[in-house]
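What follows is a set of structures to go through.
Next come two complexes, and both contain subunit A; in the first it sits with subunit B, in the second with subunit C.
Then we have the complex of A and B:
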């Protein structure tokens, strides 16, 4: 118990101290934040080694450690350290990147709140931490740029607004079950509309935080104007972990889902995958493109959880972890690129892969790209593979009607994966291979590349040794928190170690053939880019930006894209339009004319008299 | 101890109006001292708890006028005196630009006396008088700037409130004719023995209108946005934070719960009017670009939440309502103070679209304003979150699903207009014409910091030990409506 309190208090107090340290002494704040986060990491390690147990405080069982949340705390703390380390060099002392004095405070408080949220065993307590995280996100988005005010507002309205709905859900749960303790609640959504409403309210909260459609619109909006480490910390990792954590808790622990609801969740998952990846393909901004992928990947996790069978759920949870790893790696790399080149516009980037460019960032980015696209033997492949297996298992066991849904979702997931690969081809080409535009300024400081490479290294390790490490220690044990067990008969067979050996062997053979043919006298020919005989003017260059222009120009797509650009699909803008319509109608009554006001009062009087004396 | 709450501020007002003309310092010192002493006294009363009464001139209740401090009175009394003290402290920095400062402080203390007296008095006619006194002081204070817009607002405020007050007067007369007494406790006991009839229903309607006008509940709300936005900011803080609650909501609660006894019909009326206020205030607030007007509409919406929770008719609902009342009092006072600091810095411009980037220049104002906004919008862990949570839980428990849903939706809208305010005022690029703005004077900053700290700490009222001292006695007054009369007439 004490340990959990310390765990929450250490970053909180460190954050408080950081807030009062004057701006000129930023180094002290940085060191303090770093020390605080490392201390937290060490403590989470102890928690990870603790057996599942509940903790009492004020006579309520406020916290618990179980197999699901104890590995999450470990990773929350890890992301905290990496982002703080990265931030120390990302924000220079002056110019437009200089930050408010609340930056480290907010980062540390975010870590504290995220830890509290996953460890909480009381719904209200969880909501407190959950809501506080929205506030720190709001502050962090605006930590260094004045352009971010609109995006910050939108983010907080969607995230904070969904918290209000969660209150409604929690209130219904309390009235239905008489308890707020998460491990004592069990409801079935098939039984009553109230339980269904409660589930949907909580699910909306989870969707908004994780960024599933249709509550995702804040992520692409905030990404271009938010400092990269902030995106890497919150929307890319902590928010994803928490959102999917909550979804897993409610759909597997708190509620038992009816069949139509499962189908609905799968539908949301599939739509999120496909729609977001299509949006990602046409983006011109590095951070915005990545942010659409951050949305798209959530679809896989929802699909995995919605399958309801052990493989799929394990896959969903593993994908949540993997996604947090490679997605924060992406945003950190994106931040490095932005810092060195001063832009995130793909049109203006190019040729950063070489020695004069950013080789380490390139390596990290490349590995993360392969991982997110599900290329073996990286971690993204393993978790996607498990999700596919979950869907296939579901297909085998389901009724004919449901079989179609499972099949459609499976196709959507695979297709989405292919499109992800496609859009990362574009991204990598545009950033690292396209013709050079800018002066190369070399690699970033070690404080910045180390976190990137560490995360990329995790991508490899979690892929190659998937069964030996992450699945064995983190994911498979966590299934017991939902009273599930991974049975032996998996449909596919994947041995990552062996496969990796084979892959490496192939690559080595390839290199040998290449070298051999080279030494045998073949010559490397270099040609200029073929442009149909036209003369390319000096100021024009070929970038990767228009790779998928043809998709944009297909008949149906072009209109859909145009509508999406106008934000027709944005739930936030719908809400805004509705409220404004009501407001302008009501404003007609409030002109400042006292006679109207008096008339309103008299009308009120008449109605009251009728009500009280009418009978 | 009870008469001190009325005597001290009245005496202070008298001294200021005699000496204030000659020395500005005297009015500052006296106001500060008076409000400080009263705050300490009210806190002492809170800690002592229980039930206190005082017979003026030694005349026992049915004949003489008595002052009564029970749980509900004490709760409101503490809110009044703490906020009035903080606002007085704030006024000292704020009032600099106005002339004839002594009038301001004299009226200020009269308003304080009237609010204290209205909350303490046990006599219905006396209550009416004090409401009127408080009203007159506040009409004058709203018009204190004496520009056209302020005079117009004050005029509307005066007319509509006087109309409301006439209804109360009529109600009091009818009750006097019917029961031959003006003491509220006595009247409650007499009414309890008489059969129900249409006269009582009629009087209830009269009180609903009169006190409803004071509490600015839809459809009697229209005067509030003008009056609250035109007054000097510390007065706006008092009007929205305290006056509406002490003269409006308190009167309604006392009369409905302790004199007439709450009925299902009254509860339903509260519920419906509350819901209407929530929606109307919330939606119109989004539409505003005038910073103080937005806050004023927000007050209508939040008062709606209080009435909505009262109308649920369950103990949890009453608790949530009073909790929300406390939270809103402090948070809205804070918001008006920060708005005052901003408007002061921006040369009396109140349109938020012309501002921007003030956060860098005014860190204290900006941070306290965010804290106040978050508290009213119900973001954890601030005080407002807990009361909003309880209101929604109480609504679900009482089976008011639609009402709970509306409360949730409007609380999203609440968040959105407070974020709109933050976005336009404190964030974004600093326009070149505001390059010279400065942080508010120290006394204003201190007041804002104190209230911000209170807003963060109010969540603690949920902790059983504090709840038992502060909120439970007040809730019990509402749950056992007849206990008031029994205690007074004992």
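Then we have the complex of A and C:
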């Protein structure tokens, strides 16, 4: 018990101290934040080693360690360290709008809140941490840029509004079961409308946090104006972990879902994958494009969890972890590119892959792109492969009506993967290869490239040794928290280690072919590019931004994109329109005419008297 | 150790390289006969390959040399792995692993990615345009390709290639059913696009964008790209044979492969090239529609 309190207190106190350290002593604040996050990481490691247990506090079982949240705390702390390390060099020292010392406070408090949220065993306690995280997100979005107010407000309204629904859901649960302790609640949505309402309320909270459609719109809006490390920490990793954590908890522990409800969840997952990735393909801003992928990937996790069979669920949870890894890697890389070039506009970037550019960032970005597109043997492939397995298993066991849904989702997921690849090819071209006069940009500081490369390394390790490391220690044991077990052994499965060895063997063959050609007298020479004998003017170049113009111009897509540009699909704008309509209707009554006000007061009083005294 | 033998000798690298060269020989010979020419000798692909090895390797200025030179190698490695999985499924159906079909579908994307990245790293606008066309082509054929493979999955009830083969050895082959034949037709068209052959040779389109992604390649990296293409010409038709009409006999499988190959070559020689937007529309309407019909037919058991 003490350990959990220390775990929550250390980042909190370190954050408090950071807040009072004067701005000039930034180095001290940075070192303190780093030390605090490393201490948290060490403590989470101890938690990871403890067996599942409940903790008493004030006579309530407030916290609980089980096989599911054990490994999550480890990764929350890891992302914390990497982002803090990255931030120390990311923010310019001289800039007027440079961050306040409250930045590190907010980051540390976010870590603390996320840890508390994952470990909480009481729904109210979880909600408190959950809401606190929304607040730090609101602060962090505005930490560096003056024009981020609107985006921050939108984020706060969507995330905070979904919190209100969660309170409603928790209240219904309390009415139905008389307890708020998560490991004691078990409801079925099949026979009770109230339980179904409670589930949907909590699920909306999870969707808003993780960014599933239609509650995703805050992510693309906040991404372009928010500092990259903040996106890497919150929407890209912690919010995903928490949102999917809650979804898994409610759909697997707290409730047992009826078949139509799982089908509905799968439908949301499939729509999220396809719609978000189509939006990503046409973006012109690096961070905005990445943020649409942050939305799209949530679809895979929901799909995996909704399959309801062990392979699919394990795949969904593994995908959640993988996505947090490569997505924060992307945003850190994006931050480095922004820092070096001063822009995230894809039309203006280019030629960063070479030695004079940013080779380390390129390597990290490329590996992460391969992971997110599900190219074997990287980690994204393994989790997607498991989700597909889950969908196919569900297809084989389901009744004909649900068979079709499973098939549609399978096609959507696989096609979504191709679309993801396409938009990352566009990104890679626009950032790293677009023809441009070489400006000697140089690589970023080690504090910045080290987190990127570490995360990229994790993408490889979790892919190549998927069954030996992450699945064995993190994912498969976590299934027991839902009383599930992966049937059959892992021997007949895809063996990424072997496949990688074989791929390496063939790469060696390739090297041998090269060596053979050198022994035949071949040499490497640099030469000017050939464009039909013409010399290309410098202002004429292919940036890659319009690679998919042909697809965009297809009539149906053209119209849909036009509607999306007008924010027709944005639930926030709908809400705004409804609120404004009400407000304008009410405003009509405010004429400033005293008689009308008086008449209204008397009418109101009469109604009240009638209601309360009449009975 | 036997795995490495599988991978490097049979049915891996050496086997698929030899048969890939044979396939490209058949391609050139049949094309020549269609065009009333004599055609090359049997060893022509070998001559081409060795000649390229001796040539100077030219690398464009201002680009990442490592990316430029290593891109072809990754494509070759992936397609070799596919060859092992596909042929092992037909030779020893019991030895395959669960879900290898999905692995094959994803590995098949890597040679295309290699071409795209190689094109990007050429630092040449023409190569970039070619690479973007290749990517759009992937997008366009992906849906019909997945749907036609789904037909096979529904028919045989498995995503394990070994089971798919064994099922068809015990029962009639998938291609003999109504849904199977439709799915097969769609799959052949997708293979045509995957192989970048007319009418879908849009990314290379020699007459407009001088071989697109390959425009800056020469010498050894070009040789490896060519070898990858040749192996694909062998592996992709054999993949269709394994999915739609496998037989227990190795030689029969090779014969069926040759049959599929000739169909592909005839399509190539009798069609003009499409524009990229036409190809996208074709695959997303007719291709997807046809394969959807196949899936529905398979679901109702035809």
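Here, the second predicted complex is superposed on the first by the 569 of 615 C-alpha atoms of A that agree within 3 Å, B and C clash if a C-alpha of one lies under 4 Å from a C-alpha of the other, contacts with A are read in each partner's own complex, and residues count from 1 in each chain.
To be clear about the criterion, a residue touches a chain if its C-beta (ideal position, glycine included) is under 8 Å from a C-beta of that chain, and two chains touch if they have at least 3 such contacts.
Everything numeric in this text was worked out from a predicted model, so none of it was measured.
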Between subunit B (first) and subunit C (second), which does A:407 come into contact with in this model arrangement: first, second, both, or neither? second
Which partner does A:563 contact after superposing on A: first (subunit B), second (subunit C), both, neither? neither
Using the superposition on chain A described above, determine whether A:512 touches subunit B (first), subunit C (second), both, or neither. neither
May I ask you to name which of subunit B and subunit C touches more residues of subunit A? C
Under the stated touch criterion, which partner chain does A:156 make contact with: subunit B (first), subunit C (second), both, or neither? first
Once the shared chain is lined up, is A:597 touching subunit B (first), subunit C (second), both, or neither of them? first
Check the residue A:172 against both partner chains and state whether it touches subunit B (first), subunit C (second), both, or neither. first
Does subunit B (first) or subunit C (second) touch A:613, or do both, or does neither? first
Take the contacts of subunit A with subunit B and those with subunit C, and give the residues found in both. none
Along subunit C, where are the residues that touch subunit A in the complex? 3-4, 7-8, 12-13, 53-65, 67, 69-70, 72-74, 76-78, 80-81, 84, 97-100, 102-103, 105-107, 109-110, 113, 116-117, 120-126, 128-129, 131-132, 135-136, 138-139, 142-143, 146-147, 150, 153, 157, 159, 210, 215-216, 219-220, 223-224, 276-277, 280-281, 284, 295, 299
Note: in the complex, subunit A contacts subunit C through residues 351, 353-355, 359, 362, 370, 373-376, 381, 385, 388-389, 392, 396, 400, 403-404, 407, 410-411, 414-415, 417-419, 421-422, 425-426, 428-429, 432-435, 438, 492-495, 498-499, 502-507, 509-511, 513-514, 516-517, 520-532, 536, 540-542, 544, 547-548, 550-551, 553-554
Residues of subunit A touching subunit B in their complex? 124, 127-132, 134-135, 138, 142, 146-150, 152-153, 156-157, 160-161, 163-165, 167-168, 170-172, 174-175, 575, 579-580, 582-584, 586-587, 590, 592, 594, 596-598, 600-601, 603-605, 608-609, 611-613
Which positions of subunit B touch subunit A when the two form their complex? 155-156, 159-160, 163-164, 167, 198, 201-202, 204-205, 208-209, 212-213, 218-220, 222-223, 225-226, 265, 269, 280, 283-284, 286-287, 357, 374, 377-381, 385, 388-389, 392-393, 395-397, 404-405, 408-409, 411-413, 415-416, 419-420, 422-423, 427-430
